[in-house]
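Each of the next two complexes has subunit A plus one other chain: subunit B in the first, subunit C in the second.
Up next is the complex of A and B:
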């Protein structure tokens, strides 16, 4: 499971059982959930149960696991239960059996064997005279997406006068505002803490973050959440470069196409066209391979006024090429002409000089603390620098000079003396046994943050499953 | 019966915690819900931002550090 889909998983887990049941009616959704939302162990369990005709007893399941792997087992089962893929049934006291959700099982079998007439994997359009090439789609997606990112970053660092980021649609702007990615005060756009986290993520994770905000606001726009979600999962299973017809889509989904094409996730030749193309942003939604990479990009180079034709054609090939060099004396050189990248760098670097293909500057205490104040963490900065380090730097191990890494962390730590975690404090346990039992359970779920045995207290990040567990326990007694 | 209290767990050095507790006392205990151990306190969700800000200004007051020069 990649980092990007984990936030989608978090969102999915919070949906009610009813929504899950409706979602699982679509084979494409069942497949997508199976393929990229479930941890590996959970996948194995689902696969084993897929063709079982009767419920699967808990004792049989336990027989599959070593005793010392109870933790992993609990975690996998709890994810499956949260998603309502598997449900536990208590036949008699002490005798629990698990059952695969009927709809999920049927849909997944259909998806795997290609049976049924569900058409949930999209219907390719027959015609047409002119097809958009994959290269064109990539460029389109990149341009739309970068425009949006630049809208967020550019105005904060004072590069707003550039001609990039101006043609961002009203709908997109509203969405960014309601997702708390940017804040508008007196007509000036400034980026927020959430926004920074967003910009520094890799593209695939960005797409999911934005779509989750979109999902949360779907009901306000009169769209059904289920419809929106199953459409997104369908998009993830489409083929890049293939044209699809909109005739099989629901009203909501057609309405969505408009928004999605503003983000660059799908492409339509005109807003009344009866077909659409998924772009790379869409087709990588539910896969583990990386989405578009935004390093040396043609789209931004163009806006920066230094487009070369080789840059346009070579952009895809050298997609993962890094461009940042950092020396042990904190000096930073970045081979880029992209305004977006310069803007991102200037969030935490004191940039001093710009050449046609290079910017240089220095990481200073001031620039780092400024970034920290705005909400970027040192680990975000470091991972951004590492991910985009120049090939020559990549040969080193570690990639960045250790002195620089340590210093950046120290600078941050100086400003941030406290480490807050939201959650719940559990206390007043009746017995030691009860306390230890819950600690072990919270630990296996990975929600335990702090515990104190002497005072019988623990602190958890999330309560839902804990309270479920407690009430289940109560029932047993 | 087990009780669950909503709040924000704040992890910090013992010295910082002492400052937090002092601030709490100066303000009618409106920040801290429970003092957990040497390095942890439970703080009201809504008051976290204010507490952080107060801590920053308190630190600035007490710790005078030399300005580093960045000229080169």
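Up next is the complex of A and C:
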């Protein structure tokens, strides 16, 4: 599980059980949820239970896990329960057993064995027309996506006049506005805090963030969320460079295709065409390897060479990605000629020189505080720099020079000394035992933010699991 | 301000586990599978294995797999398929070349199946066709020549493939401009500093008696131990001392299922967790391990052996030709050691000695046995 899929996971967790059940009917969805949504240990548990004939008793599960990893186990089980993949069943008061969701288990088994006639992994089209090459698809995806990003960033950093071929669709603009990524005041586009978070993410995470906004607005457009989600998961399991027919898609999904091709996630030769191509943005939705990189230097050529073969794509991905070098004296060199990357960098860097394939500048207190005032956090800057570090930098551990990392944080902390966390304060516990028990549970879930033993108070980020736990305990008594 | 200290410097605590490479050595010894065909025929074993491979690939987006068949007279790549122009190199029974990523060449001829995840289809297709090819090419004379299997060759293939993949994954190599030799030299340090690839080997073994390959297998085990590659053993039939030692020495899983029909559940539960998950799981191990060695002269498993004091070769008999060690050629007179009955230390005494040894921080129980020529293990 990575940063990109964690926000998708958060979204998924909030869906009702009924939606989950409907989703899991499709083997491709079940497989995609398994592959990219579940934490690592949860996958292990699911796989162990997949071909088990009887429910997995809690005592067996305890025996299987080491004593010192109780916390990890609770976390994995809690995610599984929230996604309704696994449900706990109380046979007798002290005897709990876990059961795999029947639909999920069946679909995952079908996905692993390739059985059934669900046709959920996309029906390839048998066309005689000339196929679009992978290189072309990459270029298309990159152009569409960068256009959109540049639409967001360009005006803020004063590069609006530079022309990338501004043909961002009206639908996309509306979506960006409704997702609160940009704000339009007096006909001028300005980027918001969420927008910055969005721009600084890696490509894969960006796609997910945008799609989640899309999902949230799907009901308004008269689309069913389940349909949209299962189509997205299907897209993630398609093969790059292969043409697929739309004959098996539902009405909603055909409607979606139009929007998705505006983002560059799928390509259609015309809006009435009966086939579509997934681009790299789509095929990497449920995986991180070989994600499309947005550098106009050698990136696309190399990425185009690596098919979605599981083989070496990971290594190549990292090679084509990085372009930033930072020295301990805060100087920054970026091997790029892409306007978008330069625009993003200039959000928090004091750029001074530009060469045909290189820009250089310096991270200064002024530039960082300016970025912080715009709503960019230091951790966003650092994660962006880390993610795009030059291969030479990646040899270091930690990747960025520690002095630079600390200083960027210090600069930020100078401005803001209070950090808000939304959550719930729990107090007035009846007994010390009850309080300690709940603290331990909250800690094992990782939602505990603050506690005060003397006053028997604790503060948690999220309440759903805790309240479930409490009601379960009440039932026991 | 207090929030800033060196400990939270890792902004992106990457909780994503490193990609895991699973190298499977499948024992395809026809003699042994013939014995097993009533409970678990080879075909269903392979289909179970394919589901397991798919499960492994699904467990991590960057997970990789390599499958090697250890046949009676050679070790053969099943996946990835080696590239077609094979320079014929038949030495020591391992005739296949370096297992390069030949995935792209076979991508095109995989039938399109809308009910199957494409990545799975590619792997399955390659494995099935290669197994078929291997079985068809096996002649009767190959079968008659030996009843065992080339585990040693398959193990070395697996190890070399893993070493190559680890190099490919290390950040130094991805640059491509570095001198490959320098990368080779410090590959170990970079590999350990940042876990870029965790590998493990799974041996699905059906044949017993591998004593004739004692030396090469042991060497592979030590190589795996050094590289921290666990060797998991799934023993469907037969029993070998060697493989138990392999899993024990490398910290792998050893399992000898009582009911081979349930192969898939064994695989899913015990062998699927990778190194990251194993940290928090209780994994089955061999229990009592038989540490007996095989002698270098007749490849027999021995209870009492004679050890060359120079190169530590083990012999089952003191009657060496012209008193020279067979391995290193140094002078080695074992006759005198033999005439005096081997000094077997009584159990009680041994225990005492062990306690004393740990107290005085000497190398422990191995020392007293090593000093005398006869070894009792």
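Quick note on the criterion: the second predicted complex is superposed on the first by the 406 of 477 C-alpha atoms of A that agree within 3 Å, B and C clash if a C-alpha of one lies under 4 Å from a C-alpha of the other, contacts with A are read in each partner's own complex, and residues count from 1 in each chain.
Just so it is clear, contacts are C-beta pairs under 8 Å (C-beta built on N, C-alpha and C of every residue); 3 or more make two chains touch, one makes a residue touch a chain.
None of these values were measured; they are calculated from a predicted model.
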Quiz item: Does the superposition put A:92 against subunit B (first), subunit C (second), both, or neither?
Solution: neither
Exercise. Please indicate which partner A:270 is in contact with in the superposed arrangement: first for subunit B, second for subunit C, both, or neither.
Key: neither
Quiz prompt | First, second, both or neither for A:431, with subunit B first and subunit C second | solution = neither
Exercise. Applying the touch criterion given at the start, work out whether A:185 contacts subunit B, subunit C, both or neither, answering first, second, both or neither.
Key: neither
Quiz item: Which partner does A:450 contact after superposing on A: first (subunit B), second (subunit C), both, neither?
Solution: first
Quiz item: Is A:364 touching the first partner subunit B, the second partner subunit C, both, or neither of them?
Solution: first
Quiz item: Is A:353 contacted by the first partner subunit B, the second partner subunit C, both or neither?
Solution: neither
Quiz item: Is it subunit B or subunit C that touches the larger share of residues in subunit A?
Solution: C
Quiz item: Can you list the residues of subunit A that meet both subunit B and subunit C?
Solution: 417
Practice problem: Could you pull out which subunit B residues touch subunit A in their complex? | Solution: 1-13, 16, 20, 33-34, 36-37, 40, 42-43, 45, 48, 52, 55-56, 59, 68, 70
Exercise. Using the touch rule from the top, collect the residues of subunit C that touch subunit A in their complex.
Key: 1, 3-4, 6, 9-12, 14-17, 19, 51, 54-55, 57-65, 80, 101, 103-104, 107, 112-122, 124, 168-169, 171-176, 190, 193-194, 264-265, 268-269, 272-273, 276-277, 279-282
Practice problem: Please name which positions on subunit A make contact with subunit B in the complex. | Solution: 350, 362, 364-366, 415, 417-430, 434, 438, 449-450, 452, 455, 457, 459, 463, 466-467, 470
Quiz item: Any idea which subunit A residues touch subunit C in the complex?
Solution: 1-3, 27-28, 31, 34-36, 39-41, 43-44, 47-48, 50-52, 63-66, 68-69, 72-73, 110-124, 237-239, 242, 248, 286-289, 307-316, 318-319, 379, 382-383, 386-387, 391-392, 394-395, 397-398, 402, 405-406, 409-410, 413, 417
